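Please go over the structures that come below.
Two complexes follow with subunit A in common, the first pairing it with subunit B and the second with subunit C.
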Partner chain A sequence: MSELLSAWAATTPAFAAPFLLATIGLIINERAGVMNLGVEGIMAIAAVVAVIINLSGGDVALAIIGGVGAGVALTALFGFMAVVLRVEQVLAGLVTFALGIGVSGYLGDGFQNQPVAGISPLPAAWFARLPTFAAGILDQDFLTWFAFIAAVIVWFVLTRTGPGLRLRAVGEDAPAADAAGVPVMAYRMGAVLTGGVFCALAGCHLSLIGAHLWVDGMVAGRGWIAVAMVTLSRWSALRAIAAALLFGAVEALVPQLLSSGMNVPVYFIEMSPYLATLAYLLIAGLFQTGADARPADLTRPYLREERR
Partner chain B sequence: MKLKNLAACASFLAICATGVAHAQVKLSGKPKIAFIFFGTTNDGGWADAQNAARLSLMKAYDQRIPFVENVPEVTEKVEQAIDLFINHGDNIIIAGSYGYSDAFTAEAKAHPNSAFINIAGISSAPNLESFYAKTYQGWYLAGMAAGYATKTKTLGMIEAFPIPNVLWDVNSFALGAEAANPGTVVKVAYINAWSDPVKEAQISAAMIGQGADVIATDMDTDAALLVAEKAGKYSVGYQVNMAKSVPNGILTSVIFHWGKKLVPMVKEMASGTWKSSGTPLYGMKSGVVVDAPFEHIPAADISKIEAVKAKMIAGTFSPWMGPIVDQSGKVEAATGTRISQDDLWNMDYLVANVKGSMK
Partner chain C sequence: MSEAVKLEAIEKSFGSRSALLGADFTLRWGEVHALLGENGAGKSTLMNILSGFYTADAGVLEVGGQGARYANPAAAADAGIGMIHQHFKLVGPLTVIENLRLACARAAGWKNQGAALQAMAELAAQLGFHLNPKWRVDEMEISDRQKLEIMKVLLAGARILIMDEPTAVLTEVEAKAALGLARQLAQSGRAVVLITHKLRDVLGYSDRVTVMRAGRTVIDAADSAGMTAQSLALAMVGEQPVVVAPRASARPQREILRLIRLSAAASAHGVGLREISLDVRGGEILGIAGVGGNGQAELVEALIGIRRATHGKMLINESLAPPGTEARREAGIRCIPADRMGMGLFGELSLGLNLALPRLLGKKPERRWWVRNGWMDGLARAAITEFEVAGAAPQTPARLLSGGNAQKLMLAREFAGHFSILIAHSPTRGLDIRAVHSVQARLRAACARHVAVLLISEDLDEIMELSDRVAVMSRGRLSEAEAIGQVDRGRIGRLMLEMH
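Presenting the complex of A and B:
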């Protein structure tokens, strides 16, 4: 039993990391008033480009840079549509999603199912002095570590620094922010692109760490889960850590239970993530934590000349 | 429309004239083959294996064989794809998906002078055959290899969904392991998707953490096996030979050679002697399913496996000969009896040495 517990705890962070990366990316977007539903496509294109580079002889650093570059390029297209041209954000997001899935399938066609070196956990020796349980939890790969550290940094920047406060002002009341001298367009575009970096990193995590290969359609809805997790974490990067850990813990429990040979119905196990989400929503509802956290100007395009 | 009706009447009369309902299929002209794939031909698994059959048909009949990829299991979409090929003059349509069954029934009825093959389908007609492979033969022998290789007497097997033709893979793998190394258990887990390499890798890691030292995958990708290779464990691949990605731990792969059946079938179609066999299972005898060369186990063990394989091909041995007892202790086949093919398609239990739920 204790073995199961420590294996469960040790695998949770890597399960949580891709969700966390994508969720904080989306929080940055939405805090500036832009909803990016293209995240699934951005993750896919980053995942496939990272694999292609890693397979073609590029090292992990180059693979991540390439994956992020491709993801940001697609995000820039979304930003151009949503921020500059003020296209309906939901539509622009869905187009980005479809484009990303299509292009990733096309690019990756000759690279499917070929193992990549990918990213391994940090050397176990670094954690050798710690108790086994703690060492198991802490011995993750660097991208997983980065996800948790970045979440704290993003929280700090968004809530405790000038640029962060201005970014949130743009998302809450763009005309007021504009009147106060904040360049709305620049902040929104900056937020979209920065968010795109995190979404792309989530895709790299899936292909370089999660699967160590690429196959068509392998993001498998994880981007959409991140979209929901933004609401679940009430647009707070700190709560996103909690939400991602909760979700990761439930997801990590499934394979442990399945492979333990315990006689638990498969359908109940498969249902568990949604039960956890429901429980989280219930608790959040009961205690009314941060009830109105949704940025007031979310999905609302801003045009200076337009009266509200 | 009228013309079409006339044509249908004419072909109906033609059938009446020959006087046989389940007659041989007369093609509309020279055989022209077309393929429909559920996935992409580079998926490294299901569609990849079928594409290999397409390539061997191209070689055997010296014709270009058109294909369409990523056709979802939606009846109208499948019908559109078929109509496109038929209007183009193709008269042998080959696909491989359970969810295409209804579309194939409808199209086979609408085009009596075309032949339809749907691998892993469940529908049949005079000009439609849905065949599948006796995958359990390959998995039984792979189970023996895993039984000889394991030191922890614990094997892990990764599955898509708990459906009959997946459960018979699990059960035959477990029976083979038990025959080779009594007391070996097989842990089984379902992904609940035909492909999700991230989950496959995660479950593989969890199984290894819980003592499994052989990981067998019944999925398209080799993600689960890569984890085993990294951890220094053994693996068993599926659908295509996966030895290339896991050279140090591979024991064998259960492989499809659909071309072994499709090539002679098209020959019969060309000469007008082909008849649909309904929904048959083809096995090692026809070469449709085979095991890749066994590796990393002693030669003496390999010859024991080869001996069983010879008996299987000769028809004197089947994994489904009793006694077979399920997890709850219920006897599914008593000594001296054998599970029938119909009962295989209704399989809803796991044998005694499988650990894991099936509901």
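Presenting the complex of A and C:
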């Protein structure tokens, strides 16, 4: 039993990391007033491009750079539609989602189910002196580590620094921010692109670390769950860590149960993240949390001379 | 005194609607310059151009003797222009100090929070303001928000201050303080623009006055000393303004609306109702005076059925008022809320839809299934002519109307059909004199139709002029109503304080 528990704890961070990366990406977006529903597509395109580069002989660094580049390119398209052209954000997001899924399927057609080297955990020797349980949890790959550290940094920047203050002002009340001299468009576009980097990293994490391969449809709704997790964590990158760990733990549980010989219906496995979302939403709804934290100008485009 | 600002032949249109058709304006250092005009005359638009919020289509803009053209508010702020907007430009969920850092850190050169706090404390002491830097702005009183706006523009280094209707939302005492501050700032060598609808403020506090009508300047920087309320009103409206018919002699009617020891809980930042008793007879206006935020909003909500009474009874025509807003409407209640766009109209919807909606409710809706555009447009056209809603077509979204015209639309909606009780909460706030007169005339007309009118207002002049009887609201309590002939302003002022 304790073995199962420690194996579960040790695999949880790597399952949590993609959720966390995507969620903090979206938090950056939404704090600036832009809702990006294209995240699922952005993750998919980043995942497939990273795998293709890795399979074609590029090393991990190159794979990540390529994956992020592809993800950001798609994000830039979304940003252009949502921020510059001020297309309805939900619509722009759905277009981005569909495009990302479509293009990733097309690109990855010849690369499906081929294992890649991907990213391995940090050397076990670094953690040798710690108790086994702690070493198991801490011995993760660098991208997982990055996810958790980045969450703290993003939280700090958003809540404690000048640029963070301006970004939040843009998301809460764009005209007031404009009157205060904040370039609203630039901040929104910057937030969208920065958020896109994190969403793309989430995709790279899925293919290079989670699965070590690409298969069509492998993002499997995790982007959508990240959209829900933003609300659950009430737009705070710190709370996002807790939410991601919860979802990571749910996802990590299933393989543990399977390997322990338990007979788990496949439908339950597929359902588990959604069940977790439902449970979390129910809890959040019951305790009436979150509503107050929603940026007031979320999804509301801004043009200076337009009457609001 | 040299010239601070010179605007010449400024033109501006929004889509097909032109707001300015060649407006002129000059401002000197060291003066308070009043800018006057009806709703929609273009006052805010002109000042928004000066402060870099809008860009002019044509015309000359000179600041400090040099040609200027600001691409954004930040550029104007760098040139020393600061505007306190009609609708405050503060970020709600942020704190006082965060708002100051947001707007002033660059101009004031603050490196950290400590520097910002110190600068704020110094200025607050100088102005005699008491604001806690940690307060969240959306939880602050309106007057405190205004103080924050004033500090914001001063800390950003403004030498030219534009105050767009600073007193519209303030009580008498607060308004006096704000106007006194405007004078003090002018004496320190700055230039102050004061947009207002209150002729008394113009005559009492400004050095010069500019009057605008329909996008043009009709009086260009005249000495305020040479003006009278009549001459200003005439210039603003272009004709002698109509005078509201004097109060008709009281005809005792039966009581239509009665509250018996009614109590209700407070709203988020408000005051609860504590055993309110009142009765309003048909054909009379009962005025409720008092400083805003003393339970007036809660009273309105309780009357129209949004807020549940915790104790007491409400009677309409001697029978218990039904619960729920729809049923109350059917029982004959109509309401003009203080927050026209928030609780009254649907900003995004057309005039026609705004007017149609209440007619589709109740047990006998005018249209049950099929709601034709033609029918709604007809309603809108009728309202536009009967209530003189200017600058709008049936399909115009309500949010594009100016304050006065939005209020006329509100009246048109609420006056439809048969009703016996009218609740009007600050019905003339922010309106120009002509609109004020037309709203007041409507209230009188309702009264003449034997409607029971409840007028809740912070404007004591309005209460004294319109009401037959007056009661004072304070800390959620209501004083005994007294006939208007038997009270004076002094007594009402004492009542406002005594009941605390």
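One rule holds in what follows: the second predicted complex is superposed on the first by the 278 of 308 C-alpha atoms of A that agree within 3 Å, B and C clash if a C-alpha of one lies under 4 Å from a C-alpha of the other, contacts with A are read in each partner's own complex, and residues count from 1 in each chain.
Keep this in mind: a residue touches a chain if its C-beta (ideal position, glycine included) is under 8 Å from a C-beta of that chain, and two chains touch if they have at least 3 such contacts.
Worth saying up front: this structure is predicted, and the values here are computed from it rather than measured.
Chemist: Putting subunit B and subunit C on the same copy of subunit A, do they fit or clash?
Modeler: With subunit A aligned, subunit B clears subunit C, so fit.
Chemist: Which partner chains sit in contact with A:Leu37 here, subunit B, subunit C, both or neither? Use first/second/both/neither.
Modeler: neither
Chemist: In the superposed arrangement, which partner chain does A:Glu305 touch: subunit B (first), subunit C (second), both, or neither?
Modeler: second
Chemist: Report the partner of subunit A that touches more of its residues: subunit B or subunit C.
Modeler: Partner touching more subunit A residues in the overlay: B.
Chemist: Which holds for A:Ala240: it touches subunit B only (first), subunit C only (second), both, or neither?
Modeler: neither
Chemist: Using the superposed model, determine the angle subunit B, subunit A, subunit C defined by their C-alpha centres, to the nearest 10 degrees.
Modeler: 130
Chemist: Which partner does A:Leu213 contact after superposing on A: first (subunit B), second (subunit C), both, neither?
Modeler: After superposition on chain A, A:Leu213 lies in contact with subunit B alone.
Chemist: Which partner does A:Val250 reach: the first (subunit B), the second (subunit C), both, or neither?
Modeler: It touches nothing on subunit B or subunit C.
Chemist: Does subunit B (first) or subunit C (second) touch A:Gly162, or do both, or does neither?
Modeler: second
Chemist: So, A:Ala150: does it touch subunit B (first), subunit C (second), both, or neither?
Modeler: Neither partner.
Chemist: I'd like to know which partner A:Asp173 touches here: subunit B for first, subunit C for second, both or neither.
Modeler: second
Chemist: Just the number, please: smallest Cα separation between subunit B and subunit C in the overlaid arrangement, in Å.
Modeler: Taking the overlay as described at the top, subunit B lies 35 Å from subunit C at its nearest C-alpha.
Chemist: Okay, in this complex, where on subunit A does subunit B touch?
Modeler: 3-4, 7, 11, 15, 105, 109-110, 112-115, 206, 210-213, 215-218, 220, 222, 252, 255-256, 258-267, 270
Chemist: Residues of subunit A touching subunit C in their complex?
Modeler: 162, 165-166, 168-169, 172-173, 175-183, 296, 304-305, 307-308
Chemist: Sort out for me which residues of subunit C touch subunit A in the complex.
Modeler: Subunit C reaches subunit A through residues 14, 53-55, 72-74, 77, 83, 85, 88-94, 98-99, 101-103, 105-106, 152, 399-400.
Chemist: Contact residues on subunit B for subunit A in the complex?
Modeler: For subunit B paired with subunit A, touching residues are 39-40, 42-45, 70, 156, 162, 185, 187, 189-190, 192-193, 195-203, 205-207, 209-210, 212, 220-223, 226-227, 245, 355-359.
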